[in-house]
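Take a look at the structures listed below.
First chain A sits with chain B, and in the next complex the same chain sits with chain C.
Let's look at the complex of A and B:
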């Protein structure tokens, strides 16, 4: 059994990689990326050149100007607990400090000069005399950020000028919508492997002859040299280990163990891990109430329906559950809001939005009677949960109840049930000890399908009731093309799914001695 | 040759006590709801008697009502769709004679597995797959005997070794799927016998097993019957099994008893054409024949029905596919056209209630015969 579990756990790794790879490709190859979403949401007002600079800045910041396969590898490296190369460092505030990134060379530089200038070797003592390492690192980090940004805008200006010249040569296919050179960034399937394209010789001549291109190229090279010098400095500073190293080394300088890092959300500029840590408990709270309700209602009623097959209870419960199951969730949510929650159109019995009242922070946890009735945090939260939980549960009874009923009926006529009766086992023990015990397998399967859905959260319910759970997080991320959040969500849901399947297999073996994994 | 039956022996006082039978089925009728159309009469006026240490073989083809009769003794007939139309099953229980059909669920549960145990045809599916065989044997013990868990465990071990399961201490923790078919049937028997029942209903216990295992299981039943002072009702359609194991044979057809006699008498002198057909259709080792006689050939032969002693007086074997005789004096009661006639002392045949037997009263056929006894006296 243990061997089986270990083997299954190991198989999860390639499965997870395959799954996230597919999703990564899907997101990357879908038209439009988050910078487009950004320009739609306000970037549209910008002047073309500064918009290009903004986009270039974001591309650089999130590494979007690398080939997709490189981007995926980087993402995988971040979420993997097993990491390779130089270890990250962690400041005393808990922030992760990564080794400094490379500076990308200006586009088409080989057309203009034979060799890019080399900056002098870094001299930390001269840069920040007498400072302690952490401070030196911060100063050089600030400097690197500034020089890198300067270089990015200089390079963008050069690319926009070069793009103008190529357009004049009717070579629009080398120019992106934002005016920069296309091929400097990956786009579509071409971007999958190639980042530069070959230019025809007349276009090269025109580029070399244009004075604006030459001027901006010169500025870009200067900025590049500065950025490279700054980069060398911060690399030297990082090498002095200004902060304690993160994680645990496995093979020195090669492999180490670290926390999976889901990156920074593009749309909210916050670590994805923190966003999920906020949203997950909300969804778990709703489902921790909803799922037991589903099970405690559906299984006993399914059992009773099977025991009293054909009676009014069987028919009525079946009809009611199927009727509930057929009610569209959106409609049910809106009706619940309008008739039960809204004070003007309905009864106003329940809160309209959220999981807590505005003054929830000031509440005690438990209700108090001293000096008048106060509901307290617990009851307040439960009060807010009523409608969302109701909308999450009502459709779930039918399937589980019917499954239980069918499984029970299958076993009622089994020979071993007759044997048990012939032994003199009471009706109750026949149902619980013999029939129900044998009906567990389909219920385990059901449990496994429900379990990952618990974490995914119900998008509709969370949206309608403005509950900030995993469903809300996911739908926002989809709207804003927040790749990091989407990928993190997929990875987590995928992992939970796989663990749920493994759990089901283990439970099968526990429930049915005929199943063994040897 | 007499055609007059002795005074009917039935009622509560007819069972139990020295020399009296342990169970007596009297005029049992069970029918099932067909959903649409008339109810199906599975058993109609069945009568039989079982004595302690006796093996009563109930023989007949599929659907003739032999299993329903046995299931009725434990009220295991699913109701609905089943229904006990009439009749009694008198049984000599610890609290005196009782009618098994009239017992409440609670009373019935204390009989099931305790006084009367049953083993079934399908050893593959008759054990619960999710419990160890030990659990299932102990369940029966704990239900009926006031013993601790430890004692029940020891009893289960004992029961398993009694039925010849090797290494019971290890096997008690095994699950049914880890046993072969024959071993599973042994487990079923161990389970049935763990509470030392006085009557064992064995519903085709060896049918699903291959021949050598079949023989082992039947030998085991004979041995246990002798050591436990137990009566066995052996339901089978295998006449070889009957000849080997039975003391008394009850041949059933279409829900009624067509012939009832000791095993020697029945095989030596079958009187009902159906029984003759059954016996004729068995291949015999020392005879070389092109083809076997079928039952149909026998029962389709009108002359066969005139061979019954008393045929000249108008006693005709009952046969559902025949038109009733002209002188039928059917009584105004269910199965009133049929009568179990003691054609010869200790040999009953189901006949039409014609003029000749119109005023005869029948009780259950009653034979205390045991092969073992006759062998020791012989």
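Let's look at the complex of A and C:
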């Protein structure tokens, strides 16, 4: 048994990697990109040339200018609790400080010069005399951000000029749609393949001869040298360990344990972990109410239907549950809104939006009668939950009750039931002690498999009732192509799913002695 | 099976009961403390109310005192000097008093003193005004953050407009630039520099005065700090070269080039308190990820701003009146924003009284405006303002996707398409006369638009002539036009899915064009794909709407031929040297009247060239409850700080 569990647990790792890899590729190669999230609403006006620079800025910030496979590797490294290389540091305010990133060399530099200039070694004392290490780090980080941005825009300007020259030479295939050199912005594997050798010699000559290209290249190299000097300085400052190190070392300097980091959502520029931490409890609350209701209604009625097979109850409950099951959820939500929630066209019994009233923060927790009836936080929340929970549950009764009924009927005809009846065991004991307990097995495993679905949330119910759960988070992320949110969600749901499946298999063995994993 | 209730079970049972009881008791205890606290809070609210009234009376009496003082001085024969009347003989008198800060050598007039920041329409002029109360607006989209400069959407900006202030803003009625934090200013007629005097009384919600250093710091060290993720805003505010602090309240802007919107740029960005924000941006990553760090000098403020416990979506955004506000004191005590993204749920919530205002879709607006029950409690408002926009059909004037020329490269064909488009009927039948015919990208409610230009009327006969001139004639009598090479006139119109009215419109147009011998295919697309299609110029015709945010828009971004390159927004690839010249000229003219003449010329050019068929101007459609008082439909949009709200939950029946 233990070996089986360990083996299953180990298989999970490659499964998870394969799953996220597929999703990563799907998202990255799908049409449409983060520029959706970029577009300024409300009439932001931007010159075409500064547009390329802005795109470059965001690509740099979110690491989108690396080949996809590198991006995926970086993502995997972040979510893995096992981390390699230099340890991150954490400031006293809880901000994570990572080792500084490398400076990318300007594109096509080998065409113009033999060697890029090397900046002098960093001198922290001269840069910020007499300052605390943390302060030195702060100053050099700001300086690095400044020089890096300057370099980025200088490099972009150079690339746009070079792109123009290449276009004049009708070498459009080397120029990306935004006017920069293709390959400087590798959208896929071709980024590895872009080399100067592929440029025809006339194009190289034209590039070298163009004064604008030469001028912008010069500026780019100067900016590059400054950025590199600044990077060396911040690297030196980082090496002095201005902040305490994060995580726990396993093998010094090589491997360490750290918190998985789901990255930053591009559309909301907030940590994905925080977004999920906000949305997940909401979805769990709704499901924590909905799932028990489904079980408490469906199982007894399924049992009763089995015991009274063929009676009016069996037929009526079956018909009702199947009818409910076939009502489309969108329609149900709209009807609930119009007839139960709307005060003018309907009864106005339930609130329409969210899970709490406006003044919920100022409410008592429990209901009170002193000075008139006030519902309190607990009842207020339950009141708000009624409609969403109703819409989440009504379709669930059919499957469970039918399953219970079928399992019970199977067992009614089994030999052991006949024996028990023959022994003179009372009808009640036969049903509850023998038949029901044996019919419970498939229900337990069913619960385990629906558990991951509970994390997902329902997009429609959450949208209609303005419940900010996982479903809303996910659908927004899909619309805005927010890769980090989608990946984190896939990773979490995938993990939970795999554990749930493992748990189901183990429970089978525990509950049924006939099953064993040898 | 032996089932005995043993000692162990008993102990467990008792422990469980004890745990449940103790949790219950702690809840009860918590509620007792809560009642105590809410009692204190209620007392505070009452006192606040009293204070509010007192302060208002005080303000009124202070103005009266001041008026008396001035009239006394005038009687005594003191002449208030004005710089512009000074230097006639080269020997300019040394500036004194209020004008001491102005550039002595410049002829530029000092403006602003005569027009101090105040309500356009004061809520206190209303005899029924009630002070206090919370105004609730229902948004249709969720702002991910409201930290200034980090927000990127219109919702975040609306919150920023209430909490923070900039040096100046548009007058709601005249749309002229007015001082707000700026008490007075002196603007170089050449458009290269601007000297500003900040109001002496201006202070942030924490009581600190607004200083010139705050302005400089906000621009240089926050907005232009490369560690802050404000790249989008840096793309908007890009005209200022340098800000020099001259004294505590005086500063001077230097601009990169003389451009018509320099004054708007300098006056437009929100001024933030340096003392408050400086420690926050010491942790740039944390600041970049912040959601609710919004502090300013505006009439409202967030009740609590704490980096460790901020407002986060999707909870309601709750603003309270800034009791230390230096300007005209709003009657509202608070402002709350709820977000309901689903449109039916939004309307239901609004009708149930969960909000005082919501944006209506055209369909909802028409439907509800006819229901008497609805009109008893609510008022539908529709008006055109500078934040509206216009819808259009854009014709591909260049090669589609870099390959094939569409028929629309010929301006006669584009004109014919406009003449074939029965906009009057679309306006009447599909948009229920809520919209207005557009003639150019310049909204008719702004000065930029030439009022003498009238929209082209529906004229299929003239269209046929124009098409024939351009070579499109039905040569084989099959009902479809052909050109000389025998190509049939057919094209596809690209439009975003999901809008019923757009679908109705293109279906109607398909029939209209078919009657004229033009075959139009419908190409509905997902909105998220639109951007890529525009960038690739992969369409024959596309229809959607542009929105505006200022009374004067810069045509450079959409219409200049430079914006054809590098995926710029001139996605129809309209290359008109005439338009380029006018745009470049207009952007450099600082004098407003002169500039408007240039824009009017450009307007006439659009009218003749029809690069777009300008369809309809989009108004603002709002439902507002009758509880809301002093709701004014301004040319600038809405001025929330002028509202007041009736505390009676039942609507006033008038």
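The working rule: the second predicted complex is superposed on the first by the 494 of 518 C-alpha atoms of A that agree within 3 Å, B and C clash if a C-alpha of one lies under 4 Å from a C-alpha of the other, contacts with A are read in each partner's own complex, and residues count from 1 in each chain.
In the analysis below, contacts are C-beta pairs under 8 Å (C-beta built on N, C-alpha and C of every residue); 3 or more make two chains touch, one makes a residue touch a chain.
Computed from a predicted structure; not experimentally measured.
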Would you sort A:434 into first (chain B), second (chain C), both or neither based on which partner it touches?
first
Check the residue A:121 against both partner chains and state whether it touches chain B (first), chain C (second), both, or neither.
neither
Of the partners chain B and chain C, which touch A:481 in the superposed model: first, second, both, neither?
second
First (chain B), second (chain C), both or neither touched by A:91
second
A:425 contacts which: chain B (first), chain C (second), both, neither?
first
Return first, second, both or neither, reflecting whether A:341 touches chain B, chain C, both chains, or no partner chain.
second
According to the contact criterion defined above, which of chain B and chain C contacts more residues of chain A?
C
On the A-aligned overlay, A:366 touches which partner chain: chain B = first, chain C = second, or both, or neither?
second
Would you check which partner chain A:142 touches, where first means chain B only, second means chain C only, and both and neither mean what they say?
second
Contact set on chain B toward chain A in their complex:
74, 76, 105, 109-114, 117-118, 120, 122, 125-132, 139-140, 143-144, 175, 177, 188, 191-192
Which chain A residues qualify as touching chain C in the complex?
31-33, 35-52, 54, 57-58, 61, 91, 93-96, 138, 141-142, 145-146, 148-149, 160, 177-179, 264, 267-271, 274, 278, 334, 337-338, 341-344, 348, 351-354, 358, 362, 364-366, 368, 376, 463-466, 468, 472, 476, 479-481
Using the touch definition up top, name the residues of chain C that touch chain A in the complex.
27-28, 30-31, 34-35, 38, 41, 136, 142, 144-145, 150, 152-154, 157, 225-227, 229, 231-232, 235-236, 238, 282-286, 288-289, 291, 312-314, 316, 336, 338-342, 344-345, 348-349, 351-354, 373-374, 528-529, 531-532, 535-536, 547-550, 553-554, 556-557, 562-563, 565-568
Contact footprint of chain B on chain A as seen in their complex:
414-416, 418-427, 434, 437-438, 511-514
